[in-house]
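Read from first to last, the chains carry the letters A, B, C and D; within each, the first residue is number 1.
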Amino acid sequence: MIYKIKLRLYEILERTDIRDTASQIVDGLIWTLIALNLMAFTLETVDQIGNQYRKYFILFEEVSIAVFTVEYILRLWICTVNPDYNHSIRGRLRFMFTPLMLIDLIAIFPFYLPLLFPDLRFLRSLRLFRFFRILKLSRYSASLRTLGRVIRSKKEELIITFFVLFILLFCASSLIYFAEHEAQAEAFPNIPMSMWWGVITLTTVGYGDVYPVTLIGKLVGAMLAVLGIGLFALPAGILASGFSEELQVRHPLKRKRTSKFCPHCGKPIH
Amino acid sequence: MIYKIKLRLYEILERTDIRDTASQIVDGLIWTLIALNLMAFTLETVDQIGNQYRKYFILFEEVSIAVFTVEYILRLWICTVNPDYNHSIRGRLRFMFTPLMLIDLIAIFPFYLPLLFPDLRFLRSLRLFRFFRILKLSRYSASLRTLGRVIRSKKEELIITFFVLFILLFCASSLIYFAEHEAQAEAFPNIPMSMWWGVITLTTVGYGDVYPVTLIGKLVGAMLAVLGIGLFALPAGILASGFSEELQVRHPLKRKRTSKFCPHCGKPIH
Amino acid sequence: MIYKIKLRLYEILERTDIRDTASQIVDGLIWTLIALNLMAFTLETVDQIGNQYRKYFILFEEVSIAVFTVEYILRLWICTVNPDYNHSIRGRLRFMFTPLMLIDLIAIFPFYLPLLFPDLRFLRSLRLFRFFRILKLSRYSASLRTLGRVIRSKKEELIITFFVLFILLFCASSLIYFAEHEAQAEAFPNIPMSMWWGVITLTTVGYGDVYPVTLIGKLVGAMLAVLGIGLFALPAGILASGFSEELQVRHPLKRKRTSKFCPHCGKPIH
Amino acid sequence: MIYKIKLRLYEILERTDIRDTASQIVDGLIWTLIALNLMAFTLETVDQIGNQYRKYFILFEEVSIAVFTVEYILRLWICTVNPDYNHSIRGRLRFMFTPLMLIDLIAIFPFYLPLLFPDLRFLRSLRLFRFFRILKLSRYSASLRTLGRVIRSKKEELIITFFVLFILLFCASSLIYFAEHEAQAEAFPNIPMSMWWGVITLTTVGYGDVYPVTLIGKLVGAMLAVLGIGLFALPAGILASGFSEELQVRHPLKRKRTSKFCPHCGKPIH
């Protein structure tokens, strides 16, 4: 009997079967609660709102913690249904250290810390941990999972590109440092600080807080801006092609449209 | 007899047959009138022009409203030719609530409001509604229809990307808020306002009105700028590929150039 | 005899046969003279250089005009070799009005104007016309011809995109005008001037001379920046694909690498 | 006996066989030493760190020079194993002038100069030469070699694009100079200096240190910003496609996934 409840809960919480309405509703509710948490986290920093509705924010926080704690305990209780973690203690301990469960723990753990160590100043910085609840979305958001898969499939290209970008950034920052340090010791005090200029220029953000003023500095800056565009736009191109490949794999129907059959003899081509 | 007039008007107003010169001329005239309306709307805000030629602007506005009203009434009168809306009252009512007819109504309706409610202050903000006449272009502009189709065909990819972008923006704004709030309480007063920095940086616009000044803020900013480029350029890539797919479908001749021949029977495919 | 000279000159000046060394040398010399002209045009604006070496610049200008005039007259003289323009007067007149000959005329004509109308103040602005000598490059630069062909082949896509971009720019500028005009009447005095903000934001240049300060203005600006990136990067994507198509057509060898033959049975695939 | 040592050293230093652990370790150590050199070069410019740990930096520099010198001498000693350079003097001299050996020489040579010419002021600027040690990475970094191959394979496209970009930059700078010189003689003193504005605008960096203020200047700037995006993003697109082609060639396994089968005989091709 208990096993049956566990199995049903396991289906609801851990599986994502589109035809299982109960599972869909629970997923939707938790998704909404996470979204509301992030919204509360954001709005609380607005002074007028944060001060006026403080008690509602605290109440909402307590309800959220309660729900997330129940969710966490249920997951831990039912994980033994999964053959991989079916030992009641060792299986559960190993399950606790899976990435998704650690994320769930980080989302609630800081709330219980002050109960153990009632140090008020410590408490404040703990509120920052609520930010990490955004990681809980990774369980419920197909978009983030897609992005993760794309990044994994293009890992090698991205590593090469980022290495080249770093070399370019190093060269850019060293050259501008030697060109501009004399003229603007404040804006380019040393090479590590010149890298701020390097990143902001090579990404074409260009705030305008630091820019070269000497002739040689402008020459270096202009050349690097032109080179930088070519290279700093590479990750975007790599990710874009990864995305389109990923989405084609996921949609057999879409794929069908691009794999054709000869209309005369019916054999597949391409 | 009346039915014949209706049918001819229906052909002229609702169909876009390239060989029907009358239809082409009427379409061109309405298209030009919309363009002139938008130009008048723009130029009226220039003080010198707006004040000097006020009476001409008002005259032009009245003529435009007259034409658009006649167009609207004609469309409503003849819509019964279409079998979908052939009931004289119920058909016409349903036709009135089609998107294109609502757009046409918004283009003229505000002009008639002051006749019903002669409140002068209310009138002023009504002039803003003339801006929505730009929507009337959607009926006459093939470009906008093409864009609409492209966006529809890439809906899923775009939703995924925009969701990921929003998550990235949320993380960027939260991190920069915690890094910079102490040092620049005015530029980064709370997370929602930090999102302004986030958007302007991640899109690489980089006005320079707000930028990080602390070491940790610059580190966060630099990392996000690099990451952001990769992700914020994704919608462009998705739309670009959507566009080229769309244009290939529309032009059978262009397709022919890339068309292949079946390797089994030698006949052309695609 | 004269016809033979004409024919030889025609081969040298008008044809681009890689094996004809005389033709190659003449082309190279004129190309170099144009490049030197543009360099002189640029350096003359630098006060120190322009004043110190004025007489050399004037001398160089006179030599250039002489060479370009001789080139122009020769072209006009020999054009009758071409069957399309073989009438000595009517043919030459028609030839004078071909685009390339008009460009050649613009390059020398302004120099002779003061001889006809010796008005000193008029003379000054004529120096600006020397800028148009850059157009002469179009005859000698394969790169510019390639770009021209790419733009022509993607004409339709580019027109659609630029029309959509213009609509977006119009909407962006109107919305920001209504949002910011009250708060910053100087930066956003009317819609046409707000378009400056629109272009600089949507192209992600972001100088920072004008930017929204109100909450609603920032919302509008942020949304448009995100949308704008997607759309304003489209022409680049269209041109890039046009370029790669164009270069593949021009290089049969390169094409061969991508059109394959089955290594087993030797039949072409793809 | 000596030949055997030479051969083994040659295998370790010059070949990159993944199964040869000794070779892999030596490569890794030199790679690490180069990376540490670049880090030291960077950190030394930070005043607090540079002054406090000066003696450690000097010690590290001396150790690096010693290692690089030993590496250089060994390479020169063993190069005769290679049949291309097997003459003990002429072969070694020719080997000294290969690009990689010149890079290795530049990395150590400046350190020995003061021993020959003990001029203190000369010494200072020599420290700059340590920057060129980054070039030594080209021997050990597969990423940089990949980038090199990509650039070589797309040489023609890139030359065309950069030529067109230069023409566009020239036009942009000339036009803005004539539009803005009167109004802002300081920001746009002559055409060469206006090119700084041109590059920063066309690359969409947009610092905001120079921007047009006159109506005509803004029109020119807006048009060029729109055009520039299309063209300045081209090198990125060209490199991106070059990268993906290059990586497909290198990975036979990846290629297999996209490989096709001959429709005639059914055997795999590609």
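Descriptive notes on the structure:
Keep in mind that, in the parts below, a contact is a pair of C-beta atoms (placed from the backbone, for glycine too) under 8 Å apart; a residue touches a chain by one contact, two chains touch by 3 or more.
Composition by chain, UniProt nomenclature: A, B, C, D = Transporter, cation channel family.
Computed from a predicted structure; not experimentally measured.
Because chain A and chain D carry the same sequence, their contact can be compared by residue number, and under half of the numbers here are used by both.
Contact tally for A-B versus A-C: the pair with more C-beta pairs in contact is A-B.
Rounded to the nearest 5, the angle that brings the Cα atoms of chain B onto chain C is 90°. Averaging Cα coordinates per chain places chain A and chain B 32 Å apart.
Annotation: 45 Å between the Cα-based centres of chain A and chain C. Contact with two or more other chains is made by residues 204-208, 232-233, 237-238, 267, 269-270 of chain A.
Those residues of chain D lying in contact with chain C across their complex are 156-157, 159-161, 163-164, 167, 170-171, 173-174, 177-178, 181, 189-192, 201, 204-208, 211, 218, 221-222, 225-226, 228-234, 237-238, 241, 260, 262-265, 267, 269-270. Here chain B touches chain C in the complex through residues 38, 41-43, 45-47, 128, 131, 134, 137, 141-144, 146-147, 165, 195-196, 199-200, 203-209, 232-233, 235-240, 243-244, 247, 260, 263, going by the rule given at the top. Of all the residues in chain A, the ones that touch chain C in their complex are 204-208.
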